[in-house]
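Chain IDs A, B and C follow the sequence of writing; residue 1 opens each chain.
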Amino acid sequence: MSPIVKLLAQRIALSLLLLLLISIVIFAGTIVLPGDVAQSILGQSATPEALANLRAELGVNDPPVQRYFAWLFGAMQGDLGTALTSGQDIAQALSSRFWNTLFLAFWAAVVAVPLAIFLGLLAVRFKDRWPDKMISAVTLASISIPEFLIGYVLMYFIAVKLRWFPSVAMVNDNMGLFEKLNAIALPIAVLTLVVLAHMMRMTRAAILNVMQSAYIETAELKGLNAFQVIYRHAFPNAIAPIVNVVMLNLAYLVVGVVVIEVVFVYPGMGQYLVDHVSKRDVPVVQACGLIFAAVYIGLNMIADIVAILSNPRLRHPK
Amino acid sequence: MSDTLLKVRDLKIGATIYPPGERPRDIEIVHGVSFDLAPGKVLGLIGESGAGKSTIGLASMAYGRGGVKITGGEVWVNGRDILKGSHKDIRKLRGAEVTYVSQSAAASFNPAKKIMDQVVEAAVEQKKFSRKEAEARARVLFAKLGLPDPDNIGERYPHQVSGGQLQRCMTALALCPEPDLVVFDEPTTALDVTTQIDVLMAIKEAIRDTGVAALYITHDLAVVAQVSDDIMVLRMGNTVEYGHVDQIINNPQEEYTKALVSVRSIEHEEKAPTEEPVLSVRNITARYKGTQFDVLHNVNVDLYPGQTLAVVGESGSGKSTLARVITGLLPPREGEIEFAGRKLSPDLKGRSREDLRELQMIYQMADVAMNPRQTVGTIIGRPLEFYFGMRGAEKKKRIIELLDEIELGEKFIDRYPAELSGGQKQRVCIARSLAAKPKMIICDEVTSALDPLVADGILKLLLDLQKIEDVAYLFITHDLATVRAISDNIAVMYQGKVQRYGGKSKVLSPPFDDYTDLLLSSVPEMKLGWLEEVIAHRKMESAGN
Amino acid sequence: MKNIPISALIGLFFTALYFLGAIFAPLLAPYGVGEVVGDVWEPSSADYLLGTDNIGRDLLSRMIYGGRTTIFIATAATVLSFTLGSVLGFFAAVMGGWIDQALSRFVDLVMSIPTLIFALVVLSVAPVTIPMLILVMGLLDATRVYRLARAVAVDIEVMDYVEAARLRGEKTAWIIFREILPNALSPLIAEMGLRFIFAVLFVSTLSFLGLGVQPPEADWGGIVKENKEGIVYGIPAALIPAFAIATLAISVNLVADWVLNRTTSLKGGRG
């Protein structure tokens, strides 16, 4: 087996192992912590019999290991259990919300990624001049501002004062693509702002790192023009770090979605999760937590895989 | 075409420095340098670090590295003042008329592209040759430079060939477009001494055969003497002396040049072994954790009180590993170490405070051997406090004595390492080890990071201190000149084994084993024509076999 | 204290202002925290400088008390994460071996789940009280501090001066406190600033989601939540606490940036 295949296999296996461990952590986290689910659901005034009945129904009395495996095997077959509060099938309730969340994150990425890379390149091109300095200032500001503030500021000025876009991002299956995009314009803008600064700062650093290599000097001393230097010598070496930047930020985006969905009352998975945390609906929280973690781990894995694939030392072993 | 290829007049170069906490400042680093270079000739630029030699070399391509800017003067190449040229003119010059070979080929090749693509790129891009012609030319150059499998080596990636080979590929890259001038910037400095000689010869022959002119930049006068027609000695951005190679080497006029020529001329009388060695290394075999092969095989050496044992070898010979084993940082797999008449615990943890005190160490990089947050006084005072419980005035008195011994003096006591020069830092490290009143000091390449004159000063100091303090040195180095200068006994190491061991005169006199012969004959000598002699000698020998 | 750049001075000034406001909240606030004094969402006036909130409480008083809660929780969480993370990070770096492996792999595991998601999972079962919030935030954030502290310490660990200290026979405590710590301090202090900002943002986010500080207790994120309905009617009350969060975070960031830049080059730590 060539070393590169071995490395890739190892990386994928690591992700699966990580996911398994995380499922244990999530499951354990919800049973070892203080607090009684049945009590939370029924409230302080519940009778002991009602509590006992609910506990039996929840399977709380079974040994934890047995419950964990039951839950895990269920999850692997797409059975995420039923929500305690509504009695709904979680997988069913989640499916449309999951796609809504992906839809939002996807379009935010479509806007944010090219923009961030372009601005990152701009910052490199005008290093230490005003465009670069402005980008640093914006970065500083944006990591200091909570996502929901950006959300409300945009909502206040653009939706309420200017009335350009709706302030609440309601979507349903009957809407056309354009209608949907119009509805989520503001959340997309907010998510873009949230990841943009970070992503362009990292892109800038990644490209500068490559541009300071000795082989770029060699290329310049061959009399190549700036475009040739960047296209032939900087670009092949910058792919991996840039993909890495993009993946890390997409992972960040997926989490940022949770808050933004609440702000704009968007019917996605994040809002569903937050809702059920307040209701202490543990099976729903576990399911959502697992899905978010899986997406997050998956994106990080892709970043590493690209880095492995683009490393000439691994692609062309001695 | 005029009879001067490169004419530099009153070249001034500036740089912007960014002192921490202060406003950036412009300083001048080259102060008006002038020289001429005729077609096909080689000019050696020599100087210590900070002399401005690389900066001048790159200026001949109108290039400033980092924040460096050419601020005045003229650089004429083939009858044109390139500093007045447009961006486009300069691009046409680079890679076509003037090319560049850097110190580190490993960093200068793009890791993501095949060697051939990079070697022919300038020639094709500058329309000097078609891709096919350029590749054919590259293969001829690969062969001429002595690269193995010249027809296919271009298909490899940079990480797939060795450092010495890559340095030759870089030379091929520079010669491929058939330039008029090549700037060689310390092309052999990063190589081992036995590799250096081959690359040096390859470069010299390539220059001769192609009739290209060259600027050869190095800090090693003995090396530059082998390849140059003229030499310019530079110091802190000024010309010290400029003349024909014969005049510079055999009849230097300036004090500074004389010092450079006579560097490494320290004489040290070999002492005979006494009865009891202070250190006995017995049958040491060692490997690093998690690896599958031994880096040291059955090593045996002795060091006598007040004497110096030089352990010499190239990178990978295991010489530094030996130091780690002796200090207890790497417990050996087999064998034992006897020190001052007692058996040393193989592991650092098992050693007594007395063992630690009597066996001190000095490092190659004085920069990182001292805590940047401690003053010189604290650094030297800590062993006094730790081993002898000295406090207050008593401690201070002893610190000042030590500072005097290393020729720095009391005023250094409150300085921080960042405020010292390289040589001064190394002196402080020496004082720190002496403070423990050791029986023996391990010196791990202590002069390799220093400029030759500074290194000489350190070696002299170490020899003087040996007489005063009666301390033994285990001196680890790759530099044979240093070995000659200071050792009583020598151990030549190769691939983890002691290849040759004994008194200095015995080890350095024939008959030699093959490796020692190769090693000794590879050290550049401050003598014109040395390179040809060695190569001729080696060819004869191999023909004889 | 000369040579402080103007941006850092501004940062220091506002940071100090917010902290003083938090400490002396009862003296500064014109009304009580839960006191209903006027109409719903009154505009700003001489009586109510920032107007009133969704049930007619004085917004300025709630902001001052809210700041106190937010800053207190963030500070406590930062102290917790910092102490735990840096001590364990240094310890892992100096000890190496299986201790380092075990700690580092565990931290990798925790860090492979997004912090917010992890916190939500925990808060879905644990009682939402202020000590619980501090504990959850402090522990989750300690993983980040651990990573940095370990990385910095490992970098310093391999320096020859640390090896020299080992060869001299120094104890682990000396190596950590005299050789490594002085050289690790500036990146760690800068990181402490960033961790504090993160804690402020995090507790505000949780409160905004209704999973942080519980009413009637006030904190900035909670005030945003209480007044968010107003946005749709064009009442900007919710933007005021958000603005406070942002200015506090930016101020601390400016200071942290300065600390980091000031000491990137080591000149005896006297710069």
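Just so it is clear, contacts are C-beta pairs under 8 Å (C-beta built on N, C-alpha and C of every residue); 3 or more make two chains touch, one makes a residue touch a chain.
Not measured: the values here are computed from a predicted model.
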Number of steps on the shortest touching-chain route linking chain A and chain B
1
Going by the touch criterion at the top, tell me which pair is linked by more C-beta contacts: A-C or B-C.
A-C
Distance from the mean Cα position of chain B to that of chain A, given in whole angstrom
50
Please tell me the distance, in whole Å, between the geometric centres of chain A and chain C computed from their C-alpha atoms.
23
Need the CA-centroid distance for the pair chain B / chain C, whole Å please.
49
Junction residues of chain B - those touching two or more other chains
none
Residues on chain A engaged by chain C in the complex (per definition of touch):
18, 21-22, 25-26, 29-31, 33-35, 37, 140-141, 143-149, 152-153, 155-156, 160-161, 167-168, 251, 254-255, 258-259, 262-263, 273-274, 276-278, 280-282, 285-286, 288-289, 292-293, 296-297, 300
What does chain C use to touch chain B in their complex?
3, 159-161, 163-164, 166-170, 178-179, 182-183, 262, 264-271
Write out the stretch or stretches of chain B touching chain C in their complex.
20-21, 327-329, 348, 351, 353, 356-357, 360-361, 363, 365, 368-373, 375, 382-383, 386, 416-419, 432, 436
In the complex, chain A residues that touch chain B
213-215, 217-225, 228, 232-233, 236-237, 310, 312-313, 316, 318
Of all residues in chain C, those that touch chain A in their complex
109-110, 112-114, 116-118, 120-127, 197, 201, 204-205, 208-211, 221, 224, 228, 231-234, 236, 238-239, 242-243, 245-246, 249-250, 253-254, 257
